[in-house]
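Below: a set of structures, written as C-alpha cells.
One chain, chain A, appears in both complexes that follow, with chain B as partner in the first and chain C in the second.
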Partner chain A sequence: MSKYQSQIGRSLPRVDAADKVAGRTRYLTDIYLDRMVYAYPIYSTISFGTIVAIDPAPAAAVPGFITTLLALDIPGENQVGVIIDDQPLLAAETVRFKGDVIGVAVAETESAAHRAAQLVQVQYVEEQPYLSIDVSKTAQSKYIHSSNIACTHRVDRGDISQGFAAADRIIEADLVTPYQEHYYLEPQGCIVVPETDGRYTVYGSIQCIYYVQKAVARALGIPFSKVTVIQTPIGGAFGGKEDVPSELCARSALAARVVGRPVKMVYRRHDDAQLTSKRHPFQMHYKIGVTNDGRLLVAEINLVENAGAYATLSSVVSYRAAMQAMGPYVIPNIKVLSTAYYTNLPPAGAFRGFGSPQATFGHERVMDHIADQLGIDPVELRLKNVLRPGDMTLTGHQLKASVGIEATIKQAADAADWVNRRRKNTSNGRYRFGIGIAASHYGNCLGAAGWAMDGAAAKIQIRRDGSVTLAYGLSEMGQGANTVITQMAAEVLGIAPERIIVLDPSTDLVPDSGPGVASRNVVMTGNAIRNAASQIVPVLKSAAAEMLETDPDRIELRNDSAEDTDSGNAVNFNDLANHLFISNRPMDSLGWWHVPALKYDPETGVGEAYFTYSYSTHIALVKVDSLTGLVQVEKIWAAHDIGRAINPAGLEGQVEGGVAQGIGWALTEHFQTKNGSVITPNLSTYLVPTTADVSQVQTILVEDPEPLGPWGAKGIGEPAVIPTAAAIANAVSQAVGAPMDSLPMTPEIVLNALD
Partner chain B sequence: MKYYRPVSEPELLDLLGTLDQSNYTLLAGGTDLMPRFESGMELPLHLVDLKGIDCFSGINDRGDNIEIGSLTTIDALRKSDLIHQSFQALWQATDQFAATQIRNRATIGGNICNASPAGDTLPPLYAYQAQVRIIGPAGERQVPIADFISGPGKTALNPSEILFSVILPKAAGFSTFYKLGLRQAMAVSVINFAVVAVVDREKKVFNKLTIAAGSVAPTVKYLNKLAGALQNNGNGIDGIIDLVDQDISPIDDIRATAAYRRKALKNILAFTLKELVNKR
Partner chain C sequence: MLYIEDIEYFDLVVIVNGCEVCRRVPTHQRLLDFLRDDLRLTGTKEVCGEGECGACTVILNGETVNSCLILAVEAHGSEIMTIEGLSHGQNLTDLQQAFIEKHSVQCGYCIPGMVLSAEQLEHEQAQPDREIIKQGLAGNICRCTGYHKIIDAVEQKGDR
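And now, the complex of A and B:
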C-alpha cells in the first residue's frame, strides 16, 4: 500500500498568499466597470435631531454630478436593521448620530460624488444628544428610539442569596472597556450592477452575502432571486463587514436602479471611522462570593453596553457577553443582567470576539482581585474552579467532551515558567516587570439566540479533467478559510489540494449559509464538506470499482487516485473524473450541516447556550517604564484548545494576529470622540500596533477533539483575541502594584497608578 | 492644481517669482503634505516639486561645521557616518523617526518647514544651535533655527524664498535625543528632547549644557532655566527639575494631557541628566 499523507493537520501554505504578496489580488477598489459611476453618502452633521429641510440643489453645481437620492426614492422598505428593525436605510426624519446617512450623491467621478454629498444642505432641529451610557440611562423623555434600551439578556441560575449567605468573602469590582475600531486596511466598499433583466449583481468586501441579498431586495422591493451577491477578496473585516455592507450595498442599489449604470461606493477612511460600527464599550460590575480556599460560589454580574445610535448586532453581542460572563469556571449560583443602551454615537456592532473580550476582561480581572484578596496564586485559583468534562457552564450546560481549558492553563503556565516569573517580580529600578494570566471560553457558532440560521452549505463539483471547484457560503476575510476548506475537501476526495479551486462566495452558488461570522467557518463548512463527501464519495468509489473491475467497498480514495486495497491496482483521479462523466454519474454534491438542537430557556438564560466551546489561556509578560508609564509586552504565551488544528501554521497566524489586536485594545488604540465626532479617524491618531509593538507570541495547541467538529476541530478566529487584553491588564496590575480595571492602559494612566 | 518640477535653482526662483505666494505649495518628500491632501485640505492652485533640483541634497563637511541640503532624506542622515559620529542626537532622531518608508522620502528641510511642535529632527537642531540658509529673489540669508520657526506650521520664509540648507556647528560635547511616542514606530512624539553637554567627569558637573524640548509648546523650546542652574553644577537634579515648568507651556490633545507631558518630561530628563553626569 502506498504511503498516505493526510491533509488534516498539515501546514499547507495559504492558497491566496502568492497573489496577495505579489499584489495581484483584485480587491473591490481595483475593479472598474464600463460606464461605472460613483456614489457617496450624504450624512448627518449633528448628533441628534429632526430633519426639517433638505436642499440638494447646491450639489448640482459640481461638474460630473448626476443625481441625489433620498428616503422618498426608496421603492421598497426604508429599513436596514439586521436583527431589530430600528435603522432606516436613509434617515428621513430623525437623525441619531453624526454619520447617520440621509441620502446618496451620484456622480461621474469619486471626487465629484464626494464633493456633491458635502454640498447638500440639510436643516435640522437639534435635540440634546446622549453622548455616554450614563447620560442615556437618565433619559425620561425624548428617547433615541422608543426607549433608550436596545436590549437586555439574563442568566438566572441557582440561588444567589443563598450563595452570598454561604460565602466566606464577597469581592466586588467595576470594570470599563472602550470602543475599538476594526481598522481593516481595506475600507468599506461595493459595486452594484443593474442587469438588463431587472436583476442586480452586487460585488463587495462583504462578510455576509445573504444579509446583503436581503437588504438589497428589501430596499428595492424585489425578490431575493433577483439579487446576486458576490464576495470580492476581503482586505480585513474582523466583524466590521458583517452588517455594515448591507447599508452600502442597498444604498448603491438605489442609485444603480435610478441611473441604470454600475455604481461604486467606497468610504473614505475618515468617514469609515465616523459612520461604521465598532466594538461595544462595556461598563461592568462584578460581585462574587467565594470560600476562603478560593471556590467560586456565587456571582451577580451587571453588564452595560454602549450600543451607539442603532442596535445592529447589539442584541447578540449582549447575549454572548451574558452567556460567557463568568468565564470557563464552575459557578453554581449566578445572576447576570446584560443591557445595551442606545447613545448618539456611532453604532457599536460586530467585532472579533463579539462581547467576549469585554466579558473576559470582567471575569479575569475579578479573578485576580479574588486571588489578591485571598492570597492565592492566580493560576491556582483558576485551576481550582475550571470547567472539566461533566461540569456545567455558568448557564447550566453540562459539558461532555472537548473541554480543554485546564490543559490550556497548565501548558501556558508551564511554558511561561509561571511560578518563578510571578514570584520574581520585585524589581524597583526603572523598569517594573509583571506577568498575568487570563482564561476564557468561546461558544462556537451562533448559539441558541441565532440557532435558526446556524446551517451552512458546501458544494463540491468535479470537472471532467479531474479538477475540482468548491463553493461555500461563508467568507475568506484574511483568516485562511479558503486554505482550510481546500484541505478538508482534498482530504475527503483523497486528492492533491492543488486540484481544488475555491470559488468566491456568491448567493447563486449555494443555499443561504447564514453569516460569515462567529468563528464558524471551519466547523460549519468543514461539516458541510463531509456531508457533501458522504454523497459523492460512494459515486466515485462505484465508478472506480467499475473501472478496476472490483467491489466499491475495496476502493480507497487517496494519493490522487482510487485504489483497490486488495490488488493495489489504482486509477488516476483524472481518469476517474472522466469516467464519472461518460458513465452518466453525478459530478457534484451539495453538502449541508446545521448545528444540532440546543436546549435553552431564553427567559432564564439557562441551558445549552452554544453547542461547544473553544478554550483559551493567554499569559502576558510586561515591562513597565516607571518614568513614562509606557508598557511593552515582552511575550504572550497563547494556549488554545481548538479541538484539532486543520492547518497549524495558519492557526498560529490567527493567534498572532489576535494577540496583536488584543495588545492594541489594551494599550495603544485609544478611540476618542468629541461632541459625537470621531477625533481619531486615521492611523496617525488611532494607534494600531506596529510589528515593533507586537511581542513575541508562543502558540500552544491543545487538541481535545470535539465530537461534532470536522476531524474534531473547533473555531479559532475569535478565541485568538479574547484573553489578550485581560492577561496584559493582570500583568500590568502586578507590575505597578495597583489594579488596572479600565482600558486602554495609556502611559498616563499607568504612570499615575505608579504613584 | 498645476504641478511644476523645476530642475535648477534659477529656474525654481524664476518660477516662484511668477506665482502668487498664497497659491503655491512646495513639495519635498510629501510625507506630511499628501496625508493632509487626503484628509480634506483644500488643494493649492500650484504645486512645486523640489525633488528635481540636485543641489538641494547632500551632507557636506565644511570644516567647523557641516551643511545639510534641505532635500536630504531622513534615511540619508541616518546612514551618514558623519552624523552618526559627530551628531548623535540628530542621528538618534533620524533613527526613531516614523518608519522606513517615511524615512526614505521625508526630508530634513520638510521637517523644518513643516514646523510641527513635535518634529523629531528639531530638538537636536535647536540644541546644536543650527542656522538655516535661505535663498530667494533678494539673495541669501542665514538665521538661527529658533528664529526661523515662529509657530506651528509657521516659518520666517518670505514670499518666493526657499530653505536651501541647514548648518550645524560641529558640536563640542556629547549629545543625546529622547522620543516618547505612544507606539514603537510611526508615532507622533508626545514629548521629545535633545541634550548637548560637556561634562567634567572628575567633578561630575556640566561645563556646558543645552536642552531643547519638543511637543511642550507651540515651537521647540530651550530649557534654559534648568540648563542654567546646572551650569558648572551636577547635583540635586531632582530638586531643581521643576525649573522646566518655567520654559514650557504644553497643552492637552488626543495623544496626552499637559500634566502628563510635564511629568514625563521631567522624569525622563532628570534620569537622562543624572546618567550623563554620573556615568560619562
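And now, the complex of A and C:
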C-alpha cells in the first residue's frame, strides 16, 4: 500500500498561474465579439438637484453614434439597490452625486460612445449638496432620500451605567478614518449578448453573478431563467466588484435589448474613481470604563459612517462594524450605535474588511490610550482582556472552539521581540522608531443579518476518461479560490489535482450561492465540496468494489486510484470513471452548505452575530523621519488564526497583499474630493503602494481548527488587511510621542504631531 | 482612446514578436491600442493610461516602455516584444516558471507587465539583489500581492 499524500496543507502552485504569466488569461477587457458595439454612461455633473431637461441631440453628430437610452427606456423596474431600494438604475428626476448615471450612449466604437455620452446636454435645478457627514446630520428638509440616515445598527448588552459607576477610570477618544479607493487594476466592465428566445448572456468582472442576474432581469422585466451570467477572470476586486457590476450589466442589457448586438461597457479610470463605491469613512467616539489593573468593564461606542449618495452595502458594513466594535475582548457592558448617513458624494460600499478595519482602528487605538493612561504594556493589556474559549464576545456569543486570538498575540509578540523593542530608546537623531500592536476578530461569512443567503453550492462532475470538472457559485477574484477548491476536491476524491478543471462561474451551473464576498469561499465552497463528496464517494466506492470484487467498506480513494485496504489491489481512477459510466451509475453530485441557524436578536444586537471568527494580530515596526514626517514601515509581523491552512503559500500571499493595502490606507492613499468631484482619480494623486512603500512581512499561521470549517479552515481574505493600519498608527504614536487618531498619516500630519 | 474628428492615417511597418506587420493606423493611435485592438495581443494591459502603472509594458528595441505613452507611428520600423512573444505558446521562461513556483501571481492583471520588466532587469543585471529588484519594479503597480512573492521569484531566478 503506497503512502497517502494529503492535498490539504500543501502549497500547490496556483492552477491559473501559467496562463497569467504568459498573458493568455482572457479578462473581460480582452474579449472582442463580432458586431459588438460600445456603451458608456451619461452621468450627472452636479452633486444634488433635479433634472429638468435632457437633450441627447448633440450626441448624434458623433460618427458611429447609434443611440442613447434614458430612464423611460427601461422596460422593467428602474431600481438597482442591492439591499435597500434607494438607487435608480438611471436617474430620472433627482441626481444625488457627481457621477449619478442618467443614461447610456451607444456607438460603434469605444471612443465614440464616450464622446457621445459627454455631448448629451442635461439641465438641472441645483440644491445645496451635503458634502460631509457633519453637514448631512444637520439637514432639516430637502433630504437626500426620505431621510439622510441610511441605516442604524446597535448592540445593547449588560448595563452601561452600572459599568461606568464601577469603573476606576473612564477613557475617551475620537477616531477618524478616510475613504479608500479599491484601485483594482482591471477596470469595471461587462459584455451583454442578446440571444435567441429573449435570453441574454452577461460576461463580466463580477464578484456576485447572482446579484447581476437579478439586476438584469429586474431592469428588463424578464425572468431570471432568461439571464445567464458568466464571470470572466477578475483582475482584482476587493469588494469593488460586489454590487457595482449590477449597474453596468443592467445598463448594458438595456442597450443590448434595443440594439440587438453584443454591447461592451468598460469604465475609464477617472470615471471608475468618480462613479463607483469606496471604503466608508468613519467617525468614531469611544468611551471605555476600566479597572486600575486594566480590565475592560464597559464601553459606549458611537460609530458614524459616510454612506455617500446611495446605501449600496452600507447596512452590512454598519452591522459588521457594530458587531465587532470592541474587538476580540471580554466586555460585560456595552452599548454600540452605528449609523450611516447619506451624503452627496460617491457611494461608499463593499471594501475588503467591510467596516472591520475602521472598527479595529477604533478599538485598537483606544486600547493603546488605555495602556498609556494606566501605564500597562499594550500586549499585556490585550492579553488581560482577550477572548478565550468559553468567553462571550461583545454581542454575547459564547465561544466554544477555534478561539486563537491569544495565540496570535503571543506568537506575534514573541516573533517581534516585543518586550525589548517596545522598551528600547525610540529616538536616533533624525529618525524615531516605534512598535505597535493591533488585534481583531472577523466574523466569518454573512452573519445573522445576511443569514438567509448564506448558503453555497459546488458541483463535482466526473468525466468518462477520469478527468473532473468543478463548478461553484462563488468566485475566484485573484485570491486563489480555484486552487484551494481544486485541492479540496482532489482530497475528497483521492485524485491528483491535475485531473481537475474549475469552470468559470456561471448562473447556469449551480444554484444561487449568494454573494462572492465576506471571505466566504473556503468555508462555504469547502463544505459544499464535502457535501458533494458525501454523495459521490459512496458511488465511487461501490463501483470500485464491484471491479475489485470486494466490499465497498474496504475501499479507500487515494493516490489517484481506489484501493482495497485489505488486499492492496487497486483500480486506476481512469478505469473507475469509465466503469461508473458503463455500469449506469451517477457521475456527478451537487453539494450544498448553509451556515447553521444563529441565535440573534436584531433589536438588541445580542447573540451569535456570526457562526465563527477568524482572529488576527499585526505588529508594526516603523521608522519616522522627523525632518520630513515620512513614515516607513520596516516590518509587519502578521499572526492569523485561520483554523487550518489549506494552501500555506497562498495564505501568505493573501496576508502580504492585505498588509500592503493596510499600509496604503494608513500612510499613502489620500483619497480626496472637492465640491463632490474626486480630485485623486489617478496614480499620481492617489498613491497606491509600490515596491518602495511595502515593508517586510512575516506571516505566522495559527491553526486552531474550527469544527464547522472544512478541514477546520476559516476565512483569510479580509482578516489579512484588518489590523494593519491600526498597528501602524499605534507604532507611529509611540515614535512621535503623540496619539495618531486619524488616517492617513501623511507626512504633513506626522510633522504636525511631532511639533 | 482619444476621440478625434479628422483622422489621418499612416502605413506602419513594425516587427512584433519576430513577425513583420504592415498596417494602416490612425496617426493618433497609441501603441497600446494598436497591439490590443488591431493585433489582438491582449496580454498587454491598460490600467492607468498615464504611464504610472507599468501594466502596458512592452519591449521596444530592447528597452521597456509604457505602450500607453507611445503612438503606434512612433514605433515605425521598430522591433516590439509583448508578453505573447516572450513565451511563444507553452515554453515559459525560467522567470515565468519562478513566478509560478513562488506563488507570485494573484489576479494576474499586473503580471504581464511585471514579467517583462523583470526580464529586462535580469537582462541588464545578472544577479540583482532585493534592493535592485525593488527599484527595477518600482514602476509596476500590483494591488494584490504586496510584491513580496514577485521579488522572491526574480531573486530566485537570478540565483540559478
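FYI, the second predicted complex is superposed on the first by the 753 of 755 C-alpha atoms of A that agree within 3 Å, B and C clash if a C-alpha of one lies under 4 Å from a C-alpha of the other, contacts with A are read in each partner's own complex, and residues count from 1 in each chain.
By definition in this document, contacts are C-beta pairs under 8 Å (C-beta built on N, C-alpha and C of every residue); 3 or more make two chains touch, one makes a residue touch a chain.
Because the structure is a prediction, the values reported are computed rather than measured.
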Which superposed partner A:P13 touches (first chain B, second chain C, both, neither): second
Chain B versus chain C as contact partner of A:Q479, first or second or both or neither: second
Touched partner set for A:M587, first chain B, second chain C, both or neither: neither
Touching partner for A:G629 - first (chain B), second (chain C), both, neither: first
Touching partner for A:G236 - first (chain B), second (chain C), both, neither: second
Chain B versus chain C as contact partner of A:N682, first or second or both or neither: both
First, second, both or neither for A:G23, with chain B first and chain C second: second
Partner contacting more residues of chain A (chain B vs chain C): C
First, second, both or neither for A:T690, with chain B first and chain C second: both
Contacts of A:S111 with chain B and chain C, given as first, second, both or neither: second
Shared contact residues on chain A - chain B and chain C: 269, 682-684, 689-690, 692
Residues of chain A that touch chain C when the two form their complex: 11, 13-14, 16-27, 29-30, 32, 62-63, 110-112, 114-115, 182-187, 233-238, 268-269, 477-480, 649-650, 652-653, 656-661, 682-684, 688-692, 694, 697
Touch list for chain A against partner chain B, complex: 269-270, 430, 627-630, 632, 668, 670, 672, 679-680, 682-685, 687, 689-690, 692-693, 746-748, 751
Chain B residues touching chain A - in the complex, by the definition given at the top: 35, 38-40, 99, 180, 182-188, 190, 254, 256-257, 260, 263-264, 267-268, 271
Residues of chain C touching chain A in the complex: 1-3, 5, 36-37, 40, 42-50, 52-53, 55, 82-84, 86-87, 92, 96, 99-101, 103-112, 115, 133-135, 137-149, 151
